[in-house]
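The chains carry the letters A, B, C, D, E and F, assigned in the order they are written, with residues numbered from 1 in each.
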């Protein structure tokens, strides 16, 4: 058997319905899908690492073969240290594509080709969804129901005061 | 085990070094990789189906788990009839991307989501290689050694008179 | 009142659910929306002009303010001769965008700025739909229900033998 | 009558000749065009809200049907609260396009489809003009005459000391 | 002295104002600029080779250092055989860019790096001008004055009957 | 002789193998190639101006006709003050392209057309290399040998403690 462990990494600030769609589809392809939360991204996050992990946990509950983890340092190092066979990424649009191409080529180099990067196309109905746009809309009082998993929506509403 | 059979489809007129790179990497991901030659593409081919199959056979000899086949009709039908778990595609550039996105979404619809489309980034050193450019250069007397697998290069030189 | 008459032109070979979505939204913006079928496009059409007009007629039945017409020659000339205030176009993706930009600038020049070009974004759920892809799938036996208006789907199935 | 009120929103820091071109063309399409200055954009502005409003006022003086306003919160909320029929946006290039597509789809969702987003292509002669590039050039002593409306140019020169 | 001879190649069917702008600017950079008309392009031309050469001759009359030539075969072979130091190309838009990147990399390979490819950005006021769009508009009776050099415009009007 | 002095400007934080490739190829085209380090870029640099100049000096040692300089203010002013005939830029991908187009058009305007902007395509093997990605990988302990010139690599390793 060849594709045992895949990694889906990001800041997930917060996890969106688009992320969850990729997770469900990627979990069909490998025995284990690690959802890996980056702890040292240059992006400043709104939610704490604990909140982001908590939201992912409630979103992926019930999907077989999904493991949630967090890590700092290089994605390529994490992949090598944990026998990751492939890194999975969602592609939305041309701008994603250029950046993703650059990262995939750098990671191929850093892992010596051991970890392949696989891209899945985002479902068109989530093509306009991003964590940053969701946060902007949410904190200005706009309705985001359906753009994040339902349980994450409840979590965000409940924690709105504390997290703001 | 989840990712058993993958399909890499195209006209392969002729198979290039870029195609072979994708085949080698995809063969690492699944138990069986079917290289499927399209027989009813709207693209007019220079090489006959037999020639294209012959060139693929000599190029993939020695790569474990690769099977060569040909088919007409819809890729989605072939995928469903043959229990294909995922279709693999190489991505080179923005223009590829738009077209590939469209095809991936149509195929997701036609297979009822049974066959996922996986994208691998083309190695940058083959980013300018396409079958049509190779043919144009070759038949105007330009040097294409290295842009197609070596055995395919020899085949093309040998068959130049007959195929022209 | 300023935006009286708009034009939505194309070959509509056949009209798709994406076209119909633009027609419905554009009809909300002007008093009259002319759906104009091009008779001398360089694109070779599968359906005759009569068939294309018939399919549009059944698709737009019941939408207020929509008129169906056909014309040859320059779109800019038709726009000037018929007091068209604006031309409406649907945008799907980057490749559309480049071409549409070119046409909009040429038409601005040819109409002396009298007819503005307005762009509406295609609904993401139709972003992978094009007339040519629909024809390819349909004539290879694939399911296209939902990608064209229901009445157009019935029409295509009924006329399949005759039109092939 | 259908297209009564349109909204053209931005930070206008400062208003450029490209903005003014869109305003003039959009004012031809609706009875009222609201130029809406965003007060809570994440972009840090060089000019104060008062200065930006003042520059817009002198630039749009004499164009019929143009109203200048400012607002915080979600554009979608402003559009719904003020019976805006359509939001107008200028498109310059591919990078604009991706972002604009995302915003248009989010706004369609937030307004329940009540406010359509209309795109106008930027005149090619202003395709390289942006507020941020103009500020960079201006404050390094470069000549920007013609890239902003003449009255805005005079205003900027006069207020250079105070605003720096 | 380093940049002695440059090549600007194309079908020029017909030469446009955008082409002429590139020719004038490129002629400033090298001692000799060869305008090279391709005789075996896969594109079907409307004008004969003689007509295309004639139009270029009248358009470039009076620009120092410009030589007009035609050639078949590979551009890379022509460049090597004629001691061309660099090939110049005009860039209009993203779609141009992808294709041009592919050709530049193939030509770098075929000339062994002897002929560099230099790109100049098209003047924005010609960004929507292409030979094929000009022909389409012209033969449908649209006004193209200004989009081709004035002498070429006169030539096209005079030869309209014969060339149609 | 026409192309005497060219300028290649940037922050070079640090100079990469991709930069060096452009420098070598550009030095073949003009008598003098000025590598100009920007001192007032809005980008915050990791390395000091002195360090960046030092790394460029060791990287370009031995390439004929290359001069290293630094400047503040507008690139267009530097070009005019120093009789620069052309500015050279490397192009990697679509996103570069849009930004570069904007800058080239602004600079054409600011120099009154005196300094042309020439673009060279980045070698595909450096297409994923950027200073910012190199820094991110390097300071997280990833291997960047080959992505920067060898002497720059040694310099970075030696100065790692001090610069961090």
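Following the convention adopted for this analysis, a contact is a pair of C-beta atoms (placed from the backbone, for glycine too) under 8 Å apart; a residue touches a chain by one contact, two chains touch by 3 or more.
Please read all numbers here as calculations on a predicted model, not as lab measurements.
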Treat touching chains as neighbours and tell me the shortest step distance from chain A to chain E.
2
Let me have the rounded angstrom distance from the C-alpha centre of chain B over to the C-alpha centre of chain D, please.
48
Using mean CA coordinates as chain centres, what's the chain E-chain F distance in Å?
30
Dist(centroid_CA(chain B), centroid_CA(chain E)) in Å evaluates to 34
The positions of chain A in contact with two or more other chains are 94-95, 98, 101, 105, 124, 127-128
Listed by label, touching pairs are A-B, A-C, A-D, A-F, B-C, B-E, B-F, C-D, C-E, D-E, D-F, E-F
Can you name the residues of chain A that touch chain D in the complex?
93-95, 127-128, 130, 133, 136-137, 140-143
For the complex, give me every residue of chain B touching chain A.
1-3, 25, 28-31, 85-86, 91, 94, 97-98, 100-101, 104-105, 108, 116-121, 124
Show me the residue ranges of chain C that touch chain E in the complex, using the header's touch definition.
40, 42, 73-74, 76-77, 94-95, 98-99, 101-103, 105-106, 109-110
Within their complex, chain F touches chain B through residues 94, 124-125, 127-128
